[in-house]
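For clarity, chains are labelled A, B, C, D, E and F in written order, and residue numbers in each chain start from 1.
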Amino acid sequence: MKTIVEPVSYEDAPSEVRVVYDDIMKTRGIDFVPNFWRTIAHDAALLRRTWETLKEIMAPGALDPMTKEMIAVAVSATNGCEYCIRSHTASARKLGMSDAMLGELMSVVGMFNETNRLAFGYQVEPDEVFFK
Amino acid sequence: MKTIVEPVSYEDAPSEVRVVYDDIMKTRGIDFVPNFWRTIAHDAALLRRTWETLKEIMAPGALDPMTKEMIAVAVSATNGCEYCIRSHTASARKLGMSDAMLGELMSVVGMFNETNRLAFGYQVEPDEVFFK
Amino acid sequence: MKTIVEPVSYEDAPSEVRVVYDDIMKTRGIDFVPNFWRTIAHDAALLRRTWETLKEIMAPGALDPMTKEMIAVAVSATNGCEYCIRSHTASARKLGMSDAMLGELMSVVGMFNETNRLAFGYQVEPDEVFFK
Amino acid sequence: MKTIVEPVSYEDAPSEVRVVYDDIMKTRGIDFVPNFWRTIAHDAALLRRTWETLKEIMAPGALDPMTKEMIAVAVSATNGCEYCIRSHTASARKLGMSDAMLGELMSVVGMFNETNRLAFGYQVEPDEVFFK
Amino acid sequence: MKTIVEPVSYEDAPSEVRVVYDDIMKTRGIDFVPNFWRTIAHDAALLRRTWETLKEIMAPGALDPMTKEMIAVAVSATNGCEYCIRSHTASARKLGMSDAMLGELMSVVGMFNETNRLAFGYQVEPDEVFFK
Amino acid sequence: MKTIVEPVSYEDAPSEVRVVYDDIMKTRGIDFVPNFWRTIAHDAALLRRTWETLKEIMAPGALDPMTKEMIAVAVSATNGCEYCIRSHTASARKLGMSDAMLGELMSVVGMFNETNRLAFGYQVEPDEVFFK
C-alpha cells in the first residue's frame, strides 16, 4: 500500500461516498475519480466537507476559476506539495493558462518566497502608510 | 534598533543606492522609499538585484500586475510574512483588487493550504493522467 | 546511492553506534534498525543525542505515547515529510490509533493549516482576553 | 487599521453574519466574538463555511476535543501563527490541558520539527516495512 | 502575560533549573538568562535536554561556531522566527560576522528560498549524476 | 512527462538560452546542463535572471563558496526540497565539505528547526538586549 489508507474504489464506496464521486465527475467533466478524493473518502465526512467547500470556493465569483487555480499552484509550489502542483497546474491549463502565464506565475512565486525571507531575516518594520 | 540593520535614509545613501531609490519612487509613483528597500540597501548589490528583478517580474506580461500582486499575497499569507502581506495587499488594492476579490483570494489560499496537508498526510499518489 | 550518505549497517557499525542500534531494537520491539537511524548513524554523536532525546520525549508522561505519535503525524503532515508521516502513522497505529482517529487527525491538521493562513492573511490581532 | 480588513462588529453585522456570531458564542460559552471570526466575517460565505466546518471537526468523536485542540497547537507552533497558538492553547487549557501536558506537547512538536529536517536533509528512504 | 507560560526567574527556579541557568550564563559569558531559556524552564526536562544538546552542537568542531550561528540565522529566516533571528544574528556578530557577511548570508537565504520553489513548482527531476 | 514543462535540450534551445547554458557549463566546469536550468529555460527571461543572480551571489565575497553552498543546504533541508538538497550537497562536497562537516551542518539545521518551534510555541519575547 503506497498511500496511508487504501483509496476507496467506486465499486466499494458506500452510497454517501458515491454521491460525492458522481458530483465530482459531473462537475469536473471527467470519467474517473482522482486519487485525492478516493483517498480522503476513507473518512466520508472529510470527503463531503472538503468537496462541498472546494466546489463553492472554486466557482466563478469576483475571481475567475483560472486565476483561482493559479493561486492554488502558488500555494502548492510554496509548500512543495507534488500532488497539488500537478493537479492544479493541469486544471489551470485546462482553463486557459498558457506556458507564458505559467512561466510568469513561477517567477512571481519564486520572487516572493525570496523577498519574504529578506523581510523576515532583516525583521523589516511595516511602513506607517500600511496602517492608514 | 528594531530591524537587524539600520535602514539607509535617502540622505545617507551612496549614489548607487540613491539611483535605485529614485527608480523605486518613480516606478511606483510614491514619494518615499518603503522600509523594505531602505533595509536591504545596507547591501547595495542585494538592493539593486532585488529591485531590478522585481521590476522585471511585476511588469505587465502574460499576467496583469494585479493578478501578480494577488499571487504575492497568496505566497506571503502561506509563509506568514507580515510586512509582505501588508505591502502586497496594499499594492493589489491600488491596482483594483476589491474586497470581494480579497475575500475569495483568502478563501482559496486557506483551502489549498488545507488540501496540501491532506495530500501530504495521506501521501496521495499522483493520478497517471497527470503524467501524460 | 539514494540517501545523501550511506546508511550504516549493523555489521559495519562501530561499537558506540551498535549500542544505540541495540537499544532502538529492544525499546521498539523490532528486529531491524529503521533507515532513519542507520542514516544519521554516519554521525555517531547525532545518532546518540537524537535517540536519547526521542526516547525520553516519547516515554509515557502527562501525555500517552499514542497521542504523542499523533502529534508527530500532525507536525510531519504540516511539513510534508514523507518518511516521518509513514513512520509515525505506523507507530500510532501500533499503539492503537484506529482509522476513525486517523481521519479526525487529518481533518484537524487540514483545518488548522487553513485557519493559520486566514489569521496570517488578514493579520488578525490576538483578542485581549488571551493576555490575561 | 491593524488587520487587513475592518473586523465586523455585532452591531454592524448583516443578519447572515449575526446568526453565525450567535452560534459561536453559544457553542463556545463566551459572551464576545473573537477577532478571528469578526475579521473573516467581512466575507460572509467564508465565515459561514469556516465556522460550520470547524464546529463539525472539533466535536467529540474518535478523538476528544482537548486532544484536537492540542493538535491545533502543534500545527500552529509548526507554522508560527501567533493568533492560532494563543487561541488554541487557551482552548486546550479550558478543556483540561495541564502545564505538564503543554510542556510535553511542546517537546514533541520541537523534536519532530527537528527529525523532519534530518529526514529531509539526508533524504532518508522509507523502510520497506512501511509499504506492507 | 505575553508568553504562553510565565518565564521562570532565577529566584523562583528550582535547583535543577538553576544549575542550567548558571551553566548558560557561564558558557555564554553573560550575566542574565535570556527569555528563551527562562520560558522553556517551565518544563525542567525540556530545558536541560535543549541546553545540553545545543551546547554540544554549537561547540567548535568540523565547523566553527560563527558558521554554525549563521546557519542558525538561515534556518530562522526561512521559518520567520523573530526571536531566533534576533538572537542568532546577535550571536553571529559577537563571533565575528561582519555587515558584509550578513548581507551575503541574507542574499543566499533569499536566493535559495526562491530556487527551492522553482524546483518544487516545476517538479524538476534530480539529475542522474546526483545518485552516483 | 514528469516535470511540469518539457526541459529544453541544448539542441532545441534558442540562442538566448544557449548562451546561458554555455555560461553555466563553463562556470561550473561541467559538460552537461543540469535539469533545473533546462526546466526553467522554458521561460528564457526566468533562466537568464536566475542564473545571473545566482552567479553573482555564489561568487567568492565576504563568505567563501563552500559556506554559501552549506547555507543553501540548510535552507533546502528546512524546506524539504529534494532536488535542491541533492544538488547543493554535491556542490558543497566538491568545494571541500567533509562528512564530518555535513554531520554538523545537519545537526545545526535540525536543532534550530526545533528551537524555532519552541520560540513560536511559547511565544517567547525577544530580550531587550537585542534592541540595543
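Just so it is clear, contacts are C-beta pairs under 8 Å (C-beta built on N, C-alpha and C of every residue); 3 or more make two chains touch, one makes a residue touch a chain.
Everything quoted here is computed from the prediction, not taken from an experiment.
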item	value
Mutual neighbours - chains that touch chain C and chain D alike	A, B, E, F
Listed pair (C-D, D-F or C-E) duplicating the A-E contact set, over half by residue number	D-F
Same vs different contact residues, chain E with chain F, by half of numbers used	same
Rotation angle (°) superposing Cα atoms of chain B on chain F, nearest 5	180
Computed distance of Cα centres, chain E from chain D, in Å	27
Length of the line joining the C-alpha centres of chain B and chain C, rounded to whole Å	34
Of all residues in chain C, the ones touching two or more other chains	2, 4-5, 40, 45-46, 49-50, 53, 78-82, 85-86, 100, 103-104, 106-107, 109-111, 113-116, 118, 120-123
Touch-based graph of the chains, sorted into line, ring, star, complete or other	complete
For the chain A and chain E complex, residues of the former touching the latter	73, 77-80, 82, 85-86, 106, 109-111, 113-118, 120-123
In the complex with chain B, residue positions of chain A that touch it	2-5, 32, 34-36, 39-40, 46, 50, 53-54, 57-58, 61-63, 67-68, 70-72, 74-76, 78-79, 81-84, 86-88, 90, 98, 100-101, 103-105, 107-109, 111-116, 118-127, 129-130
For the chain C and chain A complex, residues of the former touching the latter	80, 85-86, 89, 99-100, 102-104, 106-107, 110
Complex contacts: residues of chain A adjacent to chain C	4-5, 40, 42-43, 45-46, 49-50, 79-81
Complex contacts: residues of chain F adjacent to chain B	1-2, 45, 49, 53, 56, 131-132
